[in-house]
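Can you keep this structure in mind? I'll have questions shortly.
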Amino acid sequence: MTSLRDRWAPGSLSLGGWCAIGSPFSAELLGRAGFDWLCVDLQHGLIGYEQMVPMLQAIAATGTPAFVRVPDGDAGTIMKVLDAGAVGVIVPLVESAKQAAAIVQACRYPPLGNRSWGPIRASLGVRGFSPQSANRDVICVVMIETPTGKANLDEILEVPGIDAAFIGTNDLALSSGLQPLGVGDSTALVELLESVRSACRKHGTVCGIAANDAQTALRWVEAGFDMLALPSDIALLTQGARASLQAVREATGSRTDRAEANDPVEI
Amino acid sequence: MTSLRDRWAPGSLSLGGWCAIGSPFSAELLGRAGFDWLCVDLQHGLIGYEQMVPMLQAIAATGTPAFVRVPDGDAGTIMKVLDAGAVGVIVPLVESAKQAAAIVQACRYPPLGNRSWGPIRASLGVRGFSPQSANRDVICVVMIETPTGKANLDEILEVPGIDAAFIGTNDLALSSGLQPLGVGDSTALVELLESVRSACRKHGTVCGIAANDAQTALRWVEAGFDMLALPSDIALLTQGARASLQAVREATGSRTDRAEANDPVEI
Amino acid sequence: MTSLRDRWAPGSLSLGGWCAIGSPFSAELLGRAGFDWLCVDLQHGLIGYEQMVPMLQAIAATGTPAFVRVPDGDAGTIMKVLDAGAVGVIVPLVESAKQAAAIVQACRYPPLGNRSWGPIRASLGVRGFSPQSANRDVICVVMIETPTGKANLDEILEVPGIDAAFIGTNDLALSSGLQPLGVGDSTALVELLESVRSACRKHGTVCGIAANDAQTALRWVEAGFDMLALPSDIALLTQGARASLQAVREATGSRTDRAEANDPVEI
Amino acid sequence: MTSLRDRWAPGSLSLGGWCAIGSPFSAELLGRAGFDWLCVDLQHGLIGYEQMVPMLQAIAATGTPAFVRVPDGDAGTIMKVLDAGAVGVIVPLVESAKQAAAIVQACRYPPLGNRSWGPIRASLGVRGFSPQSANRDVICVVMIETPTGKANLDEILEVPGIDAAFIGTNDLALSSGLQPLGVGDSTALVELLESVRSACRKHGTVCGIAANDAQTALRWVEAGFDMLALPSDIALLTQGARASLQAVREATGSRTDRAEANDPVEI
Amino acid sequence: MTSLRDRWAPGSLSLGGWCAIGSPFSAELLGRAGFDWLCVDLQHGLIGYEQMVPMLQAIAATGTPAFVRVPDGDAGTIMKVLDAGAVGVIVPLVESAKQAAAIVQACRYPPLGNRSWGPIRASLGVRGFSPQSANRDVICVVMIETPTGKANLDEILEVPGIDAAFIGTNDLALSSGLQPLGVGDSTALVELLESVRSACRKHGTVCGIAANDAQTALRWVEAGFDMLALPSDIALLTQGARASLQAVREATGSRTDRAEANDPVEI
Amino acid sequence: MTSLRDRWAPGSLSLGGWCAIGSPFSAELLGRAGFDWLCVDLQHGLIGYEQMVPMLQAIAATGTPAFVRVPDGDAGTIMKVLDAGAVGVIVPLVESAKQAAAIVQACRYPPLGNRSWGPIRASLGVRGFSPQSANRDVICVVMIETPTGKANLDEILEVPGIDAAFIGTNDLALSSGLQPLGVGDSTALVELLESVRSACRKHGTVCGIAANDAQTALRWVEAGFDMLALPSDIALLTQGARASLQAVREATGSRTDRAEANDPVEI
């Protein structure tokens, strides 16, 4: 199996799964589904550090590399997450080169950064694990999801060690005063996304984005995004449950007075 | 909202969701999906008592009644599960009237049974909770999934307090020396299922069965089953993840050397 | 501090606290309250084995000995609970000398019983722990809470190794066709309780009972019960919350449309 | 049931319960007790994020809205807590308008703030959930508990979006060089509390405070406080246990050499 | 990597690690240590079902097969443990062919047994998983640790599907009225062990035993035992901590008034 | 038993154990081993807040005082950890007097600091607990592990309330461009360590360091270090497992194709 780092390059499409449910078993199920990577989401997922640890262990049993999305750029959290065996971090709401540089520092041992030594789980079963090998293998992804982040994108991408920029489409729309994708006229939003993507390509940086359905996913692939997050476990579960219920209710005219789902939140 | 007991009758179709993932959040998501009931599966689900408790609490927040499938007919377990607030139990591998009667006893307070008093969570928020109200409301479901169970079906259904018989299709096939549904000629298996269903109808007992896809679900509805378990959380998650991956991989020709899912286990 | 065994005798009143909430912290709080013993309730409490373990550890920090009430007489469970450091077990629904003898066997190492060796936590910090010391120190309590149990009480109390009989008042009332204590005429029920107590005294066995308020507690003390369970954590929490709310609501005439508590379940 | 926001106004007394024990079950018990709101305390409570989640789920089953007190003003934590379904946050140790404004920002989606989109649990079962509805419904409470916070109170209360100021009585006393309430002469402390309250009233902001017993609670109500935290679960449990023990020990002269409780900590 | 089943034969020495600490991380550490198998101990280990699940997941990440020792022969528990992915079960206190046969039945799908279908985690990532493959791969180990078990050993070993007999040395000594190994004259005990071993060899069944130190381990290897459990995680941790403390305390004459360890319990 | 504070002085050697495994039971085992103190490691240990709490409870049962190493100097975290009952904190990566002063502030109640009142577990069972007693008893340890920290050591040690400086040997080596201890020529590194130690002695501050084996431990004792962390639970477990395996594999020539351990990470 090739390592994620060895396959990491703009133009080399990778497809990811997204864990927002705090369960080692659902994580293991997604880890067996054929994704190139998973992301355990500590920001908007209902997951904390202690639930994350057995999820990383369960995913490890499947051979799928796992990112962790941290709640913010806090260095202590980034280091704990990497010690626990994440292949890399996805950091939300990055808006400046200074922030980006601090994040990279937290991901790299000296002399490249200030990560503290103690790769307690990260080193398990890795032959020849060393500060140097870790500095090479850990993947550092920043999220661009505000007008400020977009305005400073070039300087952010110039920070050595930024391996990808991942767009937070909903946050970018909301903070830019635009409607979510698919609501009303999306031209301005799509142009915004495209401008981030092309800036990444210009800098030779991988550009990531999420898609909540297959149609959108294919649209992003065609548009040239490199790192694609497919529908989250929440979306899969909610959409699947609704579809199976709807099929029977429609065919049989059966009804319920129980709670009915609203649309799953896109994260 | 009508109570489950008030709607419980042969011919009154109810559609259920199935929780095999030990997570209060995925349970709450299914609880919001519009099912008439959920089942928290302590037999084949990867769930123990302590994970079940917050799942029942989370499901309670959605207003959906929750069964618990217990690992076997052990009375102590049945009582603990009911104390924790399950609307009823689903008991696997029942093969005789004697077993069925013991199960009913564990579900009912004296003088109808020997359930021990202590409805520590079951009584919360229930106005007028009493031994009598509990004896009326708790639903007792036995699984018929062996040739012996099938042979003794009539005497089992005659036990007062048996509210439904639920067929374990895979186990019934396996223990009867037949192929699973959909593999080879299913005529003998379908006849077996039908004979259980018609025995239930004859006794005025609800008859339940599971369906792992919409097509099968509709088939069971047409066949006159009353209580239908739709695809489990595992099936929804695995099938959804695969479908979304496949859509992109096929359209783009992208490939992976990561683990790929086998078919989800039908439970 | 004298050991519980050294103080264990009919006529030597002991006052216990009752843990039905599965929390090591609430257990530690009760462990600091001055009780002679606590009981971690695996029968009607919302507690399983894995929550029980850190509760026993937390209680150990307070120096208070802890019983565990098991869901039933299952030997494997009794042994696991003792290995984890319980000072003894309280076993519900005992109805015969045979059951009582099997319970004692599970509590004692050979040659007195068939407890399997592995006191993994029970031996921690106990100088000179041995099969003999454990056989001496573990306290074995059976619950009498059905007419059958009452009928066979003498033969049960004759089983060597039964250290106490604890009355399940509510279950005894319910299974005897009587109202709970305090509802209607309680004469017959009180006579029943008294007859259990006097049988215990005759056999030189400690007799236990629970009291859900101070008045009842004093009544039982006067009646000569030896082992008294005071109101459970649930009762304390619910009664305390209601009383503090009521004091303010009444004085101020403030009202709420939120949920209001029913009476806590007596366990 | 009216929403908490709809009833939120100075002069409209609300009574709250306080969860410092990390247990979904004790939280559900308090949620059934009739409080107008609960607070899950991540600052001084023995509770972390992962225990908080099932507590919020359990409380949701009771219909009682739940605040979360966060350890400090960290934006990532505030957002995670709101995503998990808290009706609002209570933030300790606020000392300046700048801090207050940052806290409001974390509680509001653009354009009012910078909360990141992903209301993964907050949106469940809420018809018409949107950034706008969330901005309206989330309640933002700051704690005033230092001389600096007191000195800057007016500018803090002028920050748009501050829904209440809650006094940390013990911290305010300690940091002001005063004795706790009820120890020695409390005149200066009471004047301090009153000056905070009247500043709140002047700005039309709700003013909150805690009371560890009924007498103090009534005193605060009379003094015109709007948001009253009644004794915490710890206080209820400890005081209740002691009172029940004391009643029996005094009447019977029984004694123990076990640990005895010190006073519960007021938080 | 060869499967455990493929290497399973009398005379083919396998060395195992023993997990009595309920931690997925310590289990993963042992899984990386080079053992041929691990055992997660639900009998005397401080581990329940819900802690076992993430331990099996963590061990799976290391490629080491994991047995589970169940508390007793309860079929529901055996099936749950196998569904969760154990390579086999170790069942304590087996005393008759009837018990042994029931255990084998719980480990095998029809027509060989009555295991219920639902290998929810066991099938994950196993190409071609089927009732037949599971019946072949699951390893069924019974413990001989009482005089009765010893007396019935031949009939037990004749039960088809018993893959190994594992001696519980301490329990066998205790129940036979002998001292533990190494205390006093061990001749009778050693003869007992040897007679079990030779009976196994005669029936072509693997014979297992535990060793709490290297010297004993070598002794058992020489004696011809096939399946050797090396010191448990508890023993390793306690012995290691003591040795490192002792080295410094002796060299420096430093002393402590803290707790000092008794000998770790052999399980 | 003397309190840790009463024995705390340069020249008074204390020996500590290190918990990186998130398990209350392994913590209790180490708590029984005879260490003068334990450290629960939230920085590099695989432990979060919620696992830490029952670990502190379990350690309390052994009478051994427990430090907590926090991930960084965040005041909210330090306060939560102390409220939960840690005897003190060990704070990594301290580089300036300003940081050191902020850490001390978080450890002390006014007027010495700004710790917020709410010692919810810390006060349990402590007679006469008060802000003053806590300010006296809590031990505040900073880690020196970067060239900047080393450069500012004197000003750091002058901060009132710094009770010890603990060297992070690996981080100090890595950030100083040196090899880890024992790899190549260690002269420069050892001089660095010695200069920290002598600066501590000059300021009358305790100086701590870790040793991963007995030989190194003795070396540090001879060199005059006061506070010595002996091998962590990870090291004990991994080294012990390997040693026991190696003894048998070497004597018998048995081999495995299972995973083999790399060296445990020194933390």
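Odds and ends about this structure:
Note that the chains take the letters A, B, C, D, E and F in the order they are written out, and that residue 1 is the start of every chain.
The rule is short, and it goes like this: a contact is a pair of C-beta atoms (placed from the backbone, for glycine too) under 8 Å apart; a residue touches a chain by one contact, two chains touch by 3 or more.
Just so it is clear, the model here is predicted, and its values are computed rather than measured.
Common neighbours of subunit B and subunit D, by the contact definition above: A, C. Relative to subunit E, the chain whose mean Cα position lies farthest away is D.
Using the average of C-alpha coordinates as each chain's centre, A ends up farthest from subunit C.
The centroid of the Cα atoms in subunit A and the matching centroid in subunit B are 36 Å apart. Chain centres here are Cα means. That of subunit A falls 41 Å from that of subunit E.
Among all residues of subunit E, those that touch two or more other chains are 22, 25, 29, 32, 46, 48-50, 53, 62, 121, 124-125, 234, 259, 262. Going by the touch rule set out above, the chain pairs that meet are A-B, A-D, A-E, A-F, B-C, B-D, B-E, C-D, C-E, C-F, D-F, E-F. Considering their complex, residues 48-50, 53, 75-77, 79-80, 83-84, 109-111, 114, 116-121, 123-127, 129, 131 of subunit D touch subunit A. In the complex of the two chains, the subunit C residues touching subunit D come out as 1-2, 13, 15, 17, 21-23, 25-26, 29-36, 46, 62-64, 213-214, 217-218, 221, 228, 230-231, 233-245, 247-249, 251-252, 254, 256-262, 264. Against subunit B, the residues of subunit C that register as touching in their complex are 20, 22, 43-46, 48-51, 71-72, 74, 92-93, 145-146, 168, 170-171, 174-175, 177, 234, 259, 262, 265-267. Against subunit E, in their complex, subunit A makes its touches with residues 24-25, 28-29, 32, 53-54, 57-58, 60-62, 121, 124-125.
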